[in-house]
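Heads up: the structure comes next, in structure tokens.
Each chain carries a letter (A, B, C and D) given by its place in the written order, and its residues are counted from 1.
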Amino acid sequence: MIKAAVLGATGYAGIELVRLLTTHPEVQIQVLGSKSFAGQKISDVYQNLRHILELECTELDLDAVAKCDVAFTALPHGASKSVIPSLLDRGLKVIDLSGDYRYDDPAVYEAWYGEPHSSPELLAESVYGLCELHREQIKTARLIGNPGCYTTCSILGAAPLLAHKLADTKNIIVDAKSGVTGAGRGLGLAYHFCECTENTKAYKIATHRHTSEIEQELSHIAGEPLMLSFTPHLIPQKRGILATIYMNLTKPCTTEEVAALYKDYYKDEFFIRVKDAGELPETKHVAGSNFVDIGVCVDRRLNRAVIVSAIDNIVKGAAGQAIQNMNLLFGLDEKTGLAAAGFYL
Amino acid sequence: MIKAAVLGATGYAGIELVRLLTTHPEVQIQVLGSKSFAGQKISDVYQNLRHILELECTELDLDAVAKCDVAFTALPHGASKSVIPSLLDRGLKVIDLSGDYRYDDPAVYEAWYGEPHSSPELLAESVYGLCELHREQIKTARLIGNPGCYTTCSILGAAPLLAHKLADTKNIIVDAKSGVTGAGRGLGLAYHFCECTENTKAYKIATHRHTSEIEQELSHIAGEPLMLSFTPHLIPQKRGILATIYMNLTKPCTTEEVAALYKDYYKDEFFIRVKDAGELPETKHVAGSNFVDIGVCVDRRLNRAVIVSAIDNIVKGAAGQAIQNMNLLFGLDEKTGLAAAGFYL
Amino acid sequence: MIKAAVLGATGYAGIELVRLLTTHPEVQIQVLGSKSFAGQKISDVYQNLRHILELECTELDLDAVAKCDVAFTALPHGASKSVIPSLLDRGLKVIDLSGDYRYDDPAVYEAWYGEPHSSPELLAESVYGLCELHREQIKTARLIGNPGCYTTCSILGAAPLLAHKLADTKNIIVDAKSGVTGAGRGLGLAYHFCECTENTKAYKIATHRHTSEIEQELSHIAGEPLMLSFTPHLIPQKRGILATIYMNLTKPCTTEEVAALYKDYYKDEFFIRVKDAGELPETKHVAGSNFVDIGVCVDRRLNRAVIVSAIDNIVKGAAGQAIQNMNLLFGLDEKTGLAAAGFYL
Amino acid sequence: MIKAAVLGATGYAGIELVRLLTTHPEVQIQVLGSKSFAGQKISDVYQNLRHILELECTELDLDAVAKCDVAFTALPHGASKSVIPSLLDRGLKVIDLSGDYRYDDPAVYEAWYGEPHSSPELLAESVYGLCELHREQIKTARLIGNPGCYTTCSILGAAPLLAHKLADTKNIIVDAKSGVTGAGRGLGLAYHFCECTENTKAYKIATHRHTSEIEQELSHIAGEPLMLSFTPHLIPQKRGILATIYMNLTKPCTTEEVAALYKDYYKDEFFIRVKDAGELPETKHVAGSNFVDIGVCVDRRLNRAVIVSAIDNIVKGAAGQAIQNMNLLFGLDEKTGLAAAGFYL
């Protein structure tokens, strides 16, 4: 059994990790770190866990964590950086859900996060944990920068066309819609039920940090530096991201050809489900699961592809992907503990 | 492996059965019966199942079903009755999710369903599948009448006080609130999103069929025939029933005493979680799980107990309970395939 | 034109007052008091008001308020009491939306609010502003205690049967379901979108302060002191309260007879719409309007009446009723500015 | 008083017309046409209208309609065409909410609707009822083609940049999100509450008919024929469209400059509210109102403008705009009956 610590266990990404890990056959949760709820049982904070997991949440205790094999750090931005070096020193594998270890280039981090990176040498060592793209590197890593939710959905949706040089890199637009769990459990007027329900809005246009992550990975795939528009929207549901991606084609293609190309590109990926031509993804098809659903459509009038990809932001966009990374790190079948269907209802 | 048929697989109870059975370690789904979607893959009808279960739905084919060990019948009221005798003849165990096999007395069925029962001898043989109350009988049954959703929630909430003769049987009121999955997948203006969302209403006051089921079981427990008020309400959410039960106490008690009594009554039940005094259940604590959460409160001014119980109507109120029954029928640990925490989010 | 001040204008009751007053033909809003948003335009805080009302919010300035004819105080509990005497001294009519001036007896206030009343002489003078019950007294009052939302819905639903001595006063149960605006705009984990949506729960069983208000008014109507069970529930919608009221009948009646009795009791009331036998209210029929919809049903088996009443908690349960009171205070037609249909959608 | 007929009164656009007209000071509703509910009172079909409007719905009766001054036709696509010529012959003004009379060129209609237009001479006469763009023509028209919901939102959002030749006409993308009322009241599995809630999806990519309407109007404004990507999405709320519009700038601009340009372009328009730089629209700011809220943002890295516009799809996108057109046709102040703030809650 893999002994696991979840630090930041009572946020939404953390608790989804806990929920998924309680059904993982190879993992035993040993430590639940929570600043806000230290001293309380996790099953008192999240009563859905009663009779399932009655472990007490604790303040960060490095000695206790050090007895684990892996630590998931789902801490607020910045907090991860101060803890992770100690965990690595003590021999743990670390899967970090913050934005701190996702970049190749500290300058990009600095440009989008507004401060120099505090441990550039670890940044250099860390592997970007988008399993479908970096599987081999992940297997041998010590430190994983688990990707952002918007980024997972956007990168996997755009990758095949770019890899085949079929998309003009100058006019890529990603219009993404996210459920409210993406904003976390912190209080804020914008997340009050009465302010959120029956409401849709865009936010952080042209400035959302995930833009830089998407650009980094898609530039690799395209083989050239690219920039794109990324617009996040908040929609009145809990789970789910739908990214609608617009790319001008470099040569005429049909929807069927693009669908075939996507199916081939992802043919070995259990968690990626490419739709047939004429089908489109919906967030309810992926909610609660680690799947990425992708549908494609070519607008022949404009010679433009419209790709739609859907994930559950707190599963494939956070907790599920973290477990997928853990499975790779520990030599397990990548699907272990993650092969359940989405809720649909 | 238990070979299972799900008849009526594409309704909401049916598809939740399918979802749960795909993670059950001892079951293989062999037949998916669906009149409306015969010839289509279940994963085309419910695309959350892609890469998980790609079985084709079929019209009822008794020979194919006969190769199974158990059939779950989630058919419209009345349709069950015409199929079940044949299935029993061929040696299957049958777990019926309709109202057809839930009654001790055919006259009660006739009074509430408005027609004579078509197979009173099977009704006499069938066992009421509320596992916590009829566990031993269930183990050796051929035919289980799986309880209704409102009834499961109401009966388990009221049982301990009645069993202890602490409740006046004359003034019991059950005010229940249900999510919309309880109404099924059939079309109807009342279930159009724009008519349902931001709306709450009562319906079928004093006439809902589940009243008779609740009265039957609580009369057994109380040791005397009783009648009660049952009022169902439709609330704007998918999953969940919350039943608020009012009972006049036959002698003064405190909330703490009643909570202790409930905890004792259900002390061996994994799926029943009695709250401490001061805590109350919420439907999000049980959504997606087979748990029943019960909170109690005594109004000392009035010497009246207010009991609140919560379930997921399509899990403990339908599909999950059906699997719990199957586990009992086949000698498995009752929790097998059902021990996951609720979604919370 | 009536010059009006709204104190506490940026809470949900306050802003609904503002929304309704902007279409009232006889009112001009002069002062918008808001501690949290002083110095900001109301149309910046609530951008739906752009091009409609661009007034700046201010800290409490008694001299400015004193130029008005009427003040609506939608302040947090307790804050009202410190301001209202000054307003009355300066000659304003005051309609208070807090619980401070709703009681006949300071001892009841003290018992339920946990502290002595600070101005019992004003409490003695104030009129309980449930227009349908106290219309004549309201017309000549200086200070109105605007009723609570649950109380309006419950009292009007139960009154006719009690007035006719047809209900046993010993076993009255009010099971009420409220949308989330009832909790106000203050932040709290329980009101985070992800915690509220897809969730229903009971709260404050046997202890909610509105119980005392309902008991006070229904005791008057019944002509004898009565106590009852009141259970509030939170449901995942913004607007609306549905109260389901159970009363044992003192003599056998039919649903038709009770419906006729209710229609007669409220025959002159524009804002009360009694349903025909067989019809039931829904919150979407009243959302956005000042109407109270009431449906009745008699359970002949139990000789028990089940009454269902529905209001919009922030209109008839707060802002709309406050305006109805203002109309009475200033000799206007009671419907002025309030005769619009609900939103339905 | 203007005597008005609403044909198709019981669909969502129709009933919103009815709701708004009941508060219009210059209109009396004389005829409510409804095939599905003929013989029933509108207040029985939509019980929010009780005590407000108790008129009976009727089958189409041209003689009764002929006594009116104006007819609003909110009929299914195609049905309008068979009725409207008769109404015009009898001297009524007609405001048609279908797609039948929105095109300059019958060939465009035929291309997108898949059949020849049945009355091209009326199509030639009809005026496209987007008031802010065609106000003078509307005033003297007999027949108004009331614009689609997506189109109103998209055209008004894109117009100013195109009018100033600041946008490249080759790479315009409109990514629009609509609430479910946009799909109407007809039954369909996709609109079942349990299928819609907690779900977002795109549909009809590159093929939605509103594309042609948007292209027609924006081509006029740009002074050159243009084509664009239009992608509709369904989001889990009742009211509201948010359109996110991407346009490459033909010369560098700042957000502030674009905001100033928009404010100037719409400086005389009551119903268009341009946000300051840094502010973005939300559907809850416009829900229930006839306003169009527009926010702008320039992505300097990409020299691309991102424009976000929001409307209530059944008000400014249907019923409200129809009334705005009526006000123009009858020489009333354009705001009459439409100057209320949105609901916000």
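Heads up, the rule we're going with is that a contact is a pair of C-beta atoms (placed from the backbone, for glycine too) under 8 Å apart; a residue touches a chain by one contact, two chains touch by 3 or more.
Here is each chain with its UniProt name: A, B, C, D = N-acetyl-gamma-glutamyl-phosphate reductase.
None of the values given here were measured: they were computed from a predicted structure.
Should one ask which of A-D and A-C has more C-beta pairs in contact, the pair is A-D. When chain centres are set by their Cα atoms, the one at the greatest distance from subunit D is B.
Averaged Cα coordinates give subunit C a centre that lies 36 Å from the centre of subunit D. Remark: subunit A and subunit C have CA centroids separated by 46 Å (rounded to whole angstrom). With each centre defined as the average position of its C-alpha atoms, the distance from subunit A to subunit D rounds to 38 Å.
With touch defined as above, residues shared between interfaces to two or more other chains in subunit A number as follows: 12, 181, 194-195, 197-198, 236-239, 282, 284, 287, 345. Interface of subunit D with subunit B (complex): residues 12, 180-181, 185, 187-189, 191-198, 236-238. Subunit B contributes residues 12, 15-16, 19, 22-23, 46-53, 181, 198, 238-239, 270-271, 273, 279, 281-282, 284-289, 291, 293, 314, 339-345 to its touches with subunit A in the complex.
Those residues of subunit A lying in contact with subunit D across their complex are 171, 173, 175, 177, 179, 194-195, 197-203, 205-206, 227-229, 231, 233, 235-240, 242, 244, 246, 248, 280-284, 287, 295, 297-302, 304, 306, 308, 310, 345.
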